[in-house]
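Should a chain be cited, it is by its letter among A, B, C and D, assigned in written order, with residues numbered from 1 in that chain.
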Amino acid sequence: MWSFFHKLGSPPWLYRITGSILRWLLPLTLIALAVGAVWGLLFTAPDFRQGNSYRIIYIHVPSAVVALAGYYVMAFAGAISLIWKMKMADVAMKSCAPVGAALTFIALVTGAIWGKPTWGTWWVWDARITSMLILLFLYLGVIALYEAFDNKEAAGKACAVLTLVGTVNIPIIYKSVDWWYSLHQPASIKFTGESSIDPSMLYPLLLMIGSFYALFTCALLMNMRLEILRRESRTGWVRKLVGA
Amino acid sequence: MSVAGHSGAAVAAGSLLQARGLGLERGGRELFCDLSFAVRPGHLLQVEGANGAGKTSLLRILAGLSRYGFSGQVERAAPLLYLGHHSAVKAMLSPRENLAWHIAGEGSYRADEIDTALAQVGLYGYEDVPSHTLSAGQHRRVNLARLYLSRSPLWLLDEPFTAIDRDGVAALEALLVRHAQQGGAVVLTSHQRLSVSYPVARLDLRAGLKEGLSEGAHT
Amino acid sequence: MYFDSLHAALAMEGHGPFVWGAYAITALVLLTLLVSPVLRARRLRRELAGDIRRREAAAGEGGYASRT
Amino acid sequence: MSAPGLLAFCGRLLRRQLVLALRRPVDIGNPLLFFAMVVALFPLGLGPAPAALAGFAPGILWIIALLANLLTADNLFRGDFEDGSLEQLLLSPQPLYLSVLAYVLAQWLVTGLLLAVLSPLFALMLGLPGAAVPTLVASLLLGTAVLSLVGGIGAALTVGLKRGGMLIALLILPFYMPVLIFGSAAVQAVVGGMPAASHLAILGAMLCLSVALAPLAISAALRISIDA
């Protein structure tokens, strides 16, 4: 057990193992994404209320779910880096931010596009969209803080503190926004609830959610490998790797 | 008042500070590596080196202000007093208020003790003027007045002679020697050599030279 | 397949531009997300390799590799 | 002579901060002046119709209070960081948790408390119904304390950076949002003839949570900033 943790802290080992994971995970992810997208786009029946525009759900919901989960992955890595001073956790945390921000961006844009045919307007201050917007701000805040520090080690620690503060705050923010929305909006506009979704629509959705998780992992690992190379650029193993 | 009565008993056993295998790298350049030494009661240790040699960094590591980015370990066995580059003097407060705050974490002092300490650094008559009317050297003196009140056995002083005139330097040197004689220890950085009749250990960061540290080094 | 023809699939009863647009934007962002670390890693490796070659050349000429 | 007790030390810290603030009365007045000026902007931007202004008044007053708090947040530790007082505080044997709390309390006393006390005046200018004024003051008292604590986290994270001003806003504004939601909703509830006790209770719960957790984050962030 401990030797595994010890290995996790070793950059060359982590670089090698992530490389071999990516070799099979990346093609698998791309295939799953393609299958899920085609299934959702072409092989499911349209929603009886929203028609074909609901097909956006197969990218909107997975990206939103994974973007939120990504923040917790980032906070978890940040906590490890603060508590056990593990440098590779620092690398993981730093690499989460751009991936999470991109997924949040996708969730927002697809939500807006979905809104146009459904509500007749590009942007509605709906509880979920507002929450996603705040999540995007949180991600961008982490990135901005990281970039503001010259000392990247301090940057990692500061971002770890910020993400932990965010972890405590996200449920509060989400609940507040939900409550705020119920206060100000009539309950006439509603998404199809997940509970009432038809199985024929559910399976491709689950496949897409799984694929987005895998995609998050792939992008995270690729960013981590880049960051490891950058941080370890003076060490012997990187020199040997690059020279070969 | 002096440090004698307080520090003597507290630090009788062992070393006040122990550094093991300290190494620091900045911007790909190794400033020092595998630096091991112990600071014991009675030690007067001067850290030397050119600008950028890592003197301040070393002192901040020893004080515990730098907690990552270096290799090795520091064990602190006694309360310490650290005076850095900044004087921590608030322009809007008087020297008396400043000093009273500087030592507030260490103990409760009477007003006359604080005034005596200020008089000892040559600020008699300046106790109540706003500090922004004082010079940089006088700010430094407010800071140094703390040494007359401190009960911490271990002093870490970063360039304590900066902006101090010749008389001030002599008085400070005498104070440091007295502190060491009474069972305290001082680690300081300075470009100029101390002119004291007391054994001064030297740690040259550039050369990794350790002179007079033999009985304290490597355990 | 739900749709009768390619044309029907593209039009999606009027929702086509929205649905296909959303998927296109997503594909674009995801592609950037996956390609940019590869490109940046490639550039970094080129830089490092150049650095090593420079040092080796310097070492071969005068033996001052440690100076750079 | 022994080391001073926790409360004695925090009392001294609080007194020092207040003395420092009171010797620069202009710095205390600035956020209030800012508040007054921005209040004057809204009739210019939205039109002077009293009914419209009164409708927006709870939100307007809360947003300005939030911005005024944001403006002062950056100064919380900056002066003490630059002159070395902060590193002495970190080295002092006193628990940082309470020291940090004293810092934030001192800052709240000269910003949030004063804003809350003066807010009835601005409420009057915007035509907020008189019945809602006590709730406005109460919500501001609770809410600005949360804002000061959360702002302290941002201040501690960015105190070591030269260009902290803009960044601190980006970092902490998302965390200000729940306070804004419940603060302005409390006032709106009273305007609409509903009780606001539950809103105030939620603000109180947020305050308890921030008092418990924010000093931990601030302490950790200060240690990181001092190190950078």
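Keep this in mind: contacts are C-beta pairs under 8 Å (C-beta built on N, C-alpha and C of every residue); 3 or more make two chains touch, one makes a residue touch a chain.
Being a predicted model, the structure only gives us computed values, none of them experimental.
The greatest centre-to-centre gap from chain A, using C-alpha centroids, is found for B. Contact analysis places A-C first among chain pairs (by count of C-beta pairs in contact). Chain geometry summary: the mean Cα position of chain A and that of chain C are 18 Å apart.
With centres defined as mean CA coordinates, chain D is found 37 Å away from chain B. For the pair chain A and chain B, the distance between C-alpha centroids works out to 49 Å. The distance from the centre of chain B to the centre of chain C, each centre being the mean of the chain's C-alpha atoms, comes to 54 Å.
Across the assembly, chain A contributes residues 151, 154, 157 that each touch 2 or more other chains.
Chain C has no residue in contact with two or more other chains. Among the residues of chain D, those touching two or more other chains are numbered 227. Pairs of chains that satisfy the touch definition comprise A-B, A-C, A-D, B-D. Those residues of chain A that touch chain D in the shared complex are 82, 134, 137-138, 140-141, 144-145, 148-151, 154, 157-158, 161-162, 164-166, 168-169, 172-173, 175-177, 179-180, 183.
Contact residues of chain C toward chain A in the complex are 1-3, 9, 12-16, 18-19, 21-23, 25-26, 29-30, 32-34, 37-38, 40-41, 44-45, 48-49, 52. On the side of chain A, the complex with chain B involves touching residues 85, 151, 153-154, 157, 234. Within the complex formed with chain B, the residues of chain D that make contact are 1-4, 8-9, 12-13, 16, 19-20, 23-24, 79, 82-85, 87-94, 223, 226-227.
Interface residues of chain B, counted against chain A in their complex, comprise 28, 68-69.
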